[in-house]
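Got some structures for you, see below.
Below are two complexes that have chain A in common, paired first with chain B and then with chain C.
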Partner chain A sequence: MLRSRWTHTLLVAATGLALASCGASDAPRTKGGPIVTNRLTEGQYRQSIADIFGADIRVLGSFEPEVRASGLLAIGSAAGTITPSGFEQYEGRARAIAEQVVDEKHRQATVACQPSSPDKADPVCATQFIGKFGRLLFRHPLAPSELQNWVGAAGDAATASHSFYTGLKFALAGMLTSPKFLFRQETVEPVSGSQTRRLDAFSIATRLSFFLWNTTPDDELLTAAANGELHSKRGLARQVDRMLASSRMEAGVRAFFSDFLEFDAFDTFVKDPIIYPKFTQRVADDAKEQTLRTITDLLIERHGDYRDLFTTRHTFMTRTLGMVYDVPVTSAKGWEPFEFSHDDPREGLLSQVSFVALHAHPGRSSPTLRGKAVRELLLCQHVPAPPANVNFTVVQDTSNPQYKTARARVTAHRTDAICAGCHKIMDPIGLALENFDGLGQLRTQENGVDIDASGELDGVAFKDAAGLGTALHDNPAVSTCLVDSVYRYAAGRAANRDETEWVRWLNERFVANGYRLPELLRAVATSEALFSIAPDVGPKP
Partner chain B sequence: MTFGQRETMSCGSIRGYYLRSRCQPRLYNLRLLIASAIFLSMTGISAQADSAGKTLGFVVSDIYFANYEGPVEQVCPDGVAVTQREYALQSLPEADRDHLKSIGREATSTLHNAATKMFKAECLKPDEVADPGLRTVGGSIAFGLNLDGSTSANAARPNTCPHQKFESPTGEPGVDNQLFRVIGCIVGFRKTGHFEANGDAEDNYRTGYRSGEHTVLIEVTGVKNARNDNDVQVGIYSSSDPAPFDATGRPLPGASLQVHDNPHFHNLAHGKIVDGVLTTDPIDLHLQFILGVSHSEYYLRGARLRMTLRPDGTASGLLAGYYDVDTFYDGHVRRMGIAVPEEYGLRCAGVYNALNRFADGYPDPKTGRCTAISSAFRIDAIHAFVIHPKDEKKTTAQADPLVQR
Partner chain C sequence: MSIKHDRRSVLRGAVQGAAVTVALPFLDCFLNENGTALASTGAPLPVRFGTWFWGLGITPERWIPTKIGKDYDLPVELKYIEPFKDQINVLSGFDVKIGAKTNIPHQTGLFGALAGECPLAYNETDLPTIDVLISDAIGKDSRFRSLELSATGNVKDSYSRRGRGIINPSEVSPVAFYTRVFGPEFQDPNSADFRPSPEVMLRKSVLSAVKEDRDDLAKSLGSADRARLDEYFTSLRQLEGQLQMELERPPPAEACSIPPKPSEVTVGYEIDQVIKNHQLLTKLLAMALACNQTKVFNMIYSNSASEVRLAGSAVTHHIYTHEEPINAELGYQVQATWFVERSMEAWADFVRILASVREGDGTLLDNSLVFAHSDTSFAKSHSVFGIPIMLAGKAGGRVRTGLHLNGNSEPVTRVGLTLQQIMGLKVDSWGGDGMPTSRPITEILA
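Then we have the complex of A and B:
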């Protein structure tokens, strides 16, 4: 796996360098966008703590709900705030983390110096500790006054408690509840000879790290920021290539696709246990993991074409999922690679439980929800909400002898003119997936009637789910949607009108590169556009 | 060629793609020849796969004694078996008996304790106690199979001992199920009766099976026609994986379950399917039996399976054979401890002696006494995948050389 990762990273870097000479220089300039202040998501918080203090530090308590804006949690995190009860959770969590970091089990690794006495304050040793971890937590070196304040706090606490380590604990807990840790605060600086401004080096490091790794910048990236490397094309490219080659990139890709595919819906995912007795929380967890593994395997390990996600027969299985898919699984525990045979109708992400079950009702399938998900998630097309006074009775009644299949029910529902307009753009897609019931189990009939899985997507007709996968594979909106989403995810905001040409150029490069995700990530991460700030935003130079 | 044309591409356009605009008849003929060769070889491969047949896998969702539950006065004309508590009650002074009768159900625990104390040693060593007798089945109807091929009572058949036969509830003559004769009037093994332990044994066995203490897998391979096929292989395996059930107790199809590590619990037999009913040739069968503290085995000699296979992937039927008497007593009575036999309402020595008295198969060459007792278990099964690990230790097919087919 490591060898393949290095091979494709070299490939990515080589491609990038080659294209840099003939492509990147003709990238449309942008005026930049606003700075953003994003609250750390739960995943980012947890990963940051693990990366800074160690994976065995337990992170307890519940997190504030995340907000989805413009289709992404990464953008909504700029709209989220912290409520008083939410702050209580952060505060309790911070003290628990700090306590573990300086306890006897961990302090040998975390506190590099020995205090002159364990029973009282030691500003020299405290400075070392707070300076080191403050830099990692706040994602920039502490200013001398800042450092002095925190060291002072540690000293006061040490004196009051007669324990040096308790002093460190209180200082660390304070830093963990600081907005400088909980929020990604960006700083702007001028660019000589230009009205456009740019993020400072540490803000660049922060955007890069949360984009590519979904975690806080590591020591090497912060050092590169301090050395000015990130403001040089070569230096930036070197760090980006290092990050793309790292095993942490997989976590970044998983975080992006979890957001892109709205996998946070798994938090409230339920199925009727009478209708779908095979459904358990384990099925939900494995379904999500199956899709993420399929994605990272194709796009990273095998450096494949993004569009092939909708036609691939290659995936992964556990015994839990094997029961839902009704396929044999040899491994008693864990995951094993699995390939659907060529006469099996299942191929691509759309036939996976994470899609067909997540976009369905607790007790039945839903061509409309599935069609809507394809439009909104994969094609970035907006579907209006239904009017408030819609009558859903005919669609919901699965025992109606007149309408035995979902196709018959939605067709009847669509006779209402109020409903027809939107259903026309959703149902012909979702009906192709009717061979999958509400849990994603394969079926050929519903209520004794053979299922007709024919459909249409933007004028392309097909007869089954595999045909839908192929139609999606070939639909240009699939790649433009991904490219646009990757950029918005990286920037933490929607693209503005000024960036339209730049995003279009990005998509052309993505297509030219064979729809390879690592190349796309590199193009975004090494771009001027990602770090440019519009002239009328933020503090003036 | 773009992928978008996959759905609608015609043969002409494929040809056009490969041959561009020029007509190349010789090349075309060669390609046709190659394509034909490939097609024929694929057909051969496909035919080979067809001749190998497909595999039907099952996990047993329920396995229990195939006891016929008729009216007690017909099945047990002498009455149901006297329970240990009743023996214990009779051993008490009259005044104590009257007192216990007067306090009703509260007497249960007192009698239970007295009974366990009285009979604990007997259950461990039943052959050291005088036979107290056992009320056994006197009816003529039972579930089971004709194991010795005879329809006459007390017929002299090789490797069997003379015994009465039953008729099945559907009128099949010659049913051998002497084990039912022994346990059929023990209240714990009946669904109905006067004792508070009604159905206790079946509940106990079912709970134990569903908790995954011992799982049974059935695999039918080489199936060319699921309705009629004269030549299939049947594997009956123990598994350490629990059979899956939902919260209401319904079995769930589609699980992948691995055969037991120990090849002692792998049983292979030749079988056939006639009008959707699978039957197997007799074999010596060993399956793990674990229930609570009892770790033993189903050891059925001359065992055969008869199961109806349904298109929805379920199956049900009987597993019948001659249960080795010592193994049966050890696993289903002795190793259960004293509390369970007491709860079932059986007297250990009575059962032990009845087992030996009614044993009807595999006579000991020295003593001439039969050492195994005809029995039948009803089986329900659902579709499952039987997984064989790469390093599976193989067992050889076990044809029973002693039983006449």
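Then we have the complex of A and C:
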């Protein structure tokens, strides 16, 4: 413990030096990207409502399915729209939220002014309410015409219903249904005395806030935008530092890793309860939470090295998970810290239930799916789809007496030359995780035969899951994949061709800083690249 | 500015209108006019279009009838449709043409048949699916432009797409589906007691304020984003139309009776869950159609690359199709074909439920056109040659049924073109690269 503290201090000192020695001006220039119009994800919608109106406001109904593009939902959301059935859901949800916001329980806190009469329109009080919440919902101060529109809507509804609060409710429901809330609209402005264009300050605030917090900008950030602070390097850095120090950052980091690790697959995650009697929805929920806790604890709380996620023995447990891991858990309810002992084969994220169970079949493990996930999610490498006409007969016929283990089955399959090319980059990774069954429970045998968990990753051989963790820890692609993904996530788009040098620079800096996530987030959030707009985008000056 | 005036006048007019329409004598008069009109003159009933999808195709030698034309034979996997054979056309031998593209397993066949173009990569389909084209043409004046359902419990199991990344999500829970259609906002077309809801008027009015945001947004967007915004406003107008309909007395629908509220069921990919959920959703859908709530629907029985499995089994239908050896004696995959037969049984159940609703001189099925298809023919090799297709219903007399047609390797887009023309779309050619056609299948036209 002492030693790790000491190392930590050293690294922080090194980080300080690195920051001092390479100012943002060293960063390779980029041409800038397009403006991006992301549809709020379900997580962003929920978090925005909680932050603006309070965590006890219930958010009901189903959301439009999110689509992954270039590996991230954050990029897919830049192409998402709202379908008729989706709109119906948004409108109904908006009314349910608005109803709660102005009900008798909440209006004390949400409606700061008293209407002249509760039975009729009051444009003065309505203007206060709409001005305040409109700015947070639309992420810019309302223009006079916008204010007039919504105050007018509140007034009309108040008059028709003989209720001031019903008027507010309908106006708020309308604002929550508006594309100005549901889409993150960006505006480009000319830079005076220059041919270049930039994002306006509120668009910068919005990109920052959804990147670092996964929610709408707060009052202070919007004020900084209005004051022009975000256009100065120092002002931007001050806000980014504030945001990184905020308690909201954890939600931002969770959102990134949920996207990066494809945790949306938990929405439809299921195991066969006959084959895995210990599986319940609770196991699924806790498995996801366990990994997110492990990540935020290591990367934020302890300011650790990203690569250690693949070797750490430190995690958190609930009693429900303890049943699956077959370890004792003291607390009857809630979470407790947990350390796997050194003779336990569990080490790192790959041996957690969230990974081995998510990348498996409902009733059995899958070395191929696990290997594919390591390649695609953690190393950002593309594994081609299988050819259409493949004979899989031998692969997973678990009853074939000749092939009792997954290793024997996939090896037989790999004798087929068409399949061998791809399988040899997936299976040797996944086979190292064969000591974990389809639910992630520890096993030493399959069909009465001892499991051989040896494998290989890019020329590094290992004998078990822990060895795979170490190989991954030391694989340079683990770092470049994270850096590339963080940048693409922040920008909401794939990196441009001319950004290769910039992303490489970002990675060098990440390595030099000891693979610390907060430093990476800071470097991206204060970069020119993130906010640059290509010359041919937006209105001509 | 003008819109704001519109909104106020709409709201005032609507509120005043409500005061008038709740007066009983007026209501009676209204009812008589419309209520008897349908019965005495036999005004035409709406024609509905739908898709019905099952994953992982068929075993060709056990499914494709040998006889062409009328009185076709029913091989073992097809025998379940026997009671409805004269109301179903079986289409074999229509191919998805891959051309220079790669066969993307479980996607190429599906979208080739449904969108008339093969995807470039997984989930990369740009053309709208046929149900969207048809709902654009006929769906605007019904409460729901279309209704999407999946028996698998997964909202993402939906193949109704307007373009890349634009997926119309599926309803998967009978309770949620019931509430959406028959919940508090449902206007019973046969109720004598009609009262426009003040809440609905206010909702409609506030949508006009939302529309004011359009110009602000549009001016800063590129063309792709502007198209997405257009899509948003199309959806908004659809809801406006729905609300407007709720403010007017609906015309009576003689076949409409409000179904009982279903109880919660566990949904998922276990086959017993899928079969049960499919039946519950179908019964509700039949009444949603009979009550004129929509004219277009999409039903997923099992997903593409079906994950349906028996409880307690580690092996899904998909895994069976690839890994189960072809039984040397029997000549087919015993387990995989069992799942194919369950799919056909469910399809027959679907047709039975639509045919059981009496409407006009015939049934709901007679006034519908249902396009059933899969993602492959023989799933073991992901074959997209001879995508299995069935068409059920006479589309209000526009279609001849009871035939087996063999496409002889003609492009599957001929089917999609024919369906659009039957549904009244003014389209004379259809299909993306490799499969464009201007030749409808005239044999099935009445």
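Operating definition for what follows: the second predicted complex is superposed on the first by the 515 of 541 C-alpha atoms of A that agree within 3 Å, B and C clash if a C-alpha of one lies under 4 Å from a C-alpha of the other, contacts with A are read in each partner's own complex, and residues count from 1 in each chain.
Convention: contacts are C-beta pairs under 8 Å (C-beta built on N, C-alpha and C of every residue); 3 or more make two chains touch, one makes a residue touch a chain.
As the structure is a computational prediction, the values presented were derived from the model and not from experiment.
In the three-chain model built by superposing on chain A, chain B fits alongside chain C with no clash. If you count the residues of chain A touched by chain B and by chain C, you find the higher number for C. In the superposition on chain A, A:Thr330 contacts chain B only, with no contact to chain C. Of the two partner chains, chain B is the only one touched by A:Pro277; chain C is not.
Using the contact criterion defined above for the overlaid structures, shared-chain residue A:Ile425 touches neither chain B nor chain C, since it reaches no partner.
Of the two partner chains placed by superposition, only chain B is touched by A:Arg319; chain C is not. In the superposition on chain A, A:Asp474 makes contact with chain B only, not with chain C.
Of the two partner chains placed around the shared chain by superposition, neither chain B nor chain C is touched by A:Ala265.
Of the two partner chains placed by superposition, only chain B is touched by A:Val460; chain C is not. In the superposition on chain A, A:Thr81 makes contact with chain C only, while chain B stays out of contact range. If you stand at the C-alpha centre of chain A, chain B and chain C are 90 degrees apart, rounded to the nearest 10. After superposing the two complexes on chain A, the closest approach between C-alpha atoms of chain B and chain C comes to 11 Å. Contacts of chain A with chain B, set against its contacts with chain C after fitting on chain A, overlap at residues 273-274. Those residues of chain B that touch chain A in the complex are listed here as 2-4, 6-7, 241, 244, 246-248, 250, 252-256, 258, 385, 387, 389.
Residues of chain A that touch chain B in their complex: 273-274, 277-278, 311, 319, 322-330, 332, 460-463, 467, 470-471, 473-474.
Taken together, the chain C residues at the contact with chain A in this complex read 4, 7-8, 11-12, 15, 102-105, 108, 121-123, 144-148, 153-156, 158, 162, 164-169, 176, 180, 198, 201-203, 205-210, 212-214, 216-217, 220-222, 224-225, 228-229, 231-232, 234-236, 238-239, 242, 268-269, 307, 309, 311-316, 319, 322-325, 381-382.
Taken together, the chain A residues at the contact with chain C in this complex read 34-35, 37, 62, 64-65, 67, 69, 76, 79-88, 91, 95, 143, 146, 149-150, 152-153, 156-157, 160-161, 166, 170-171, 173-174, 177-180, 182-183, 185-188, 268, 270, 272-275, 361-364, 385-386, 388-398, 438, 537-539.
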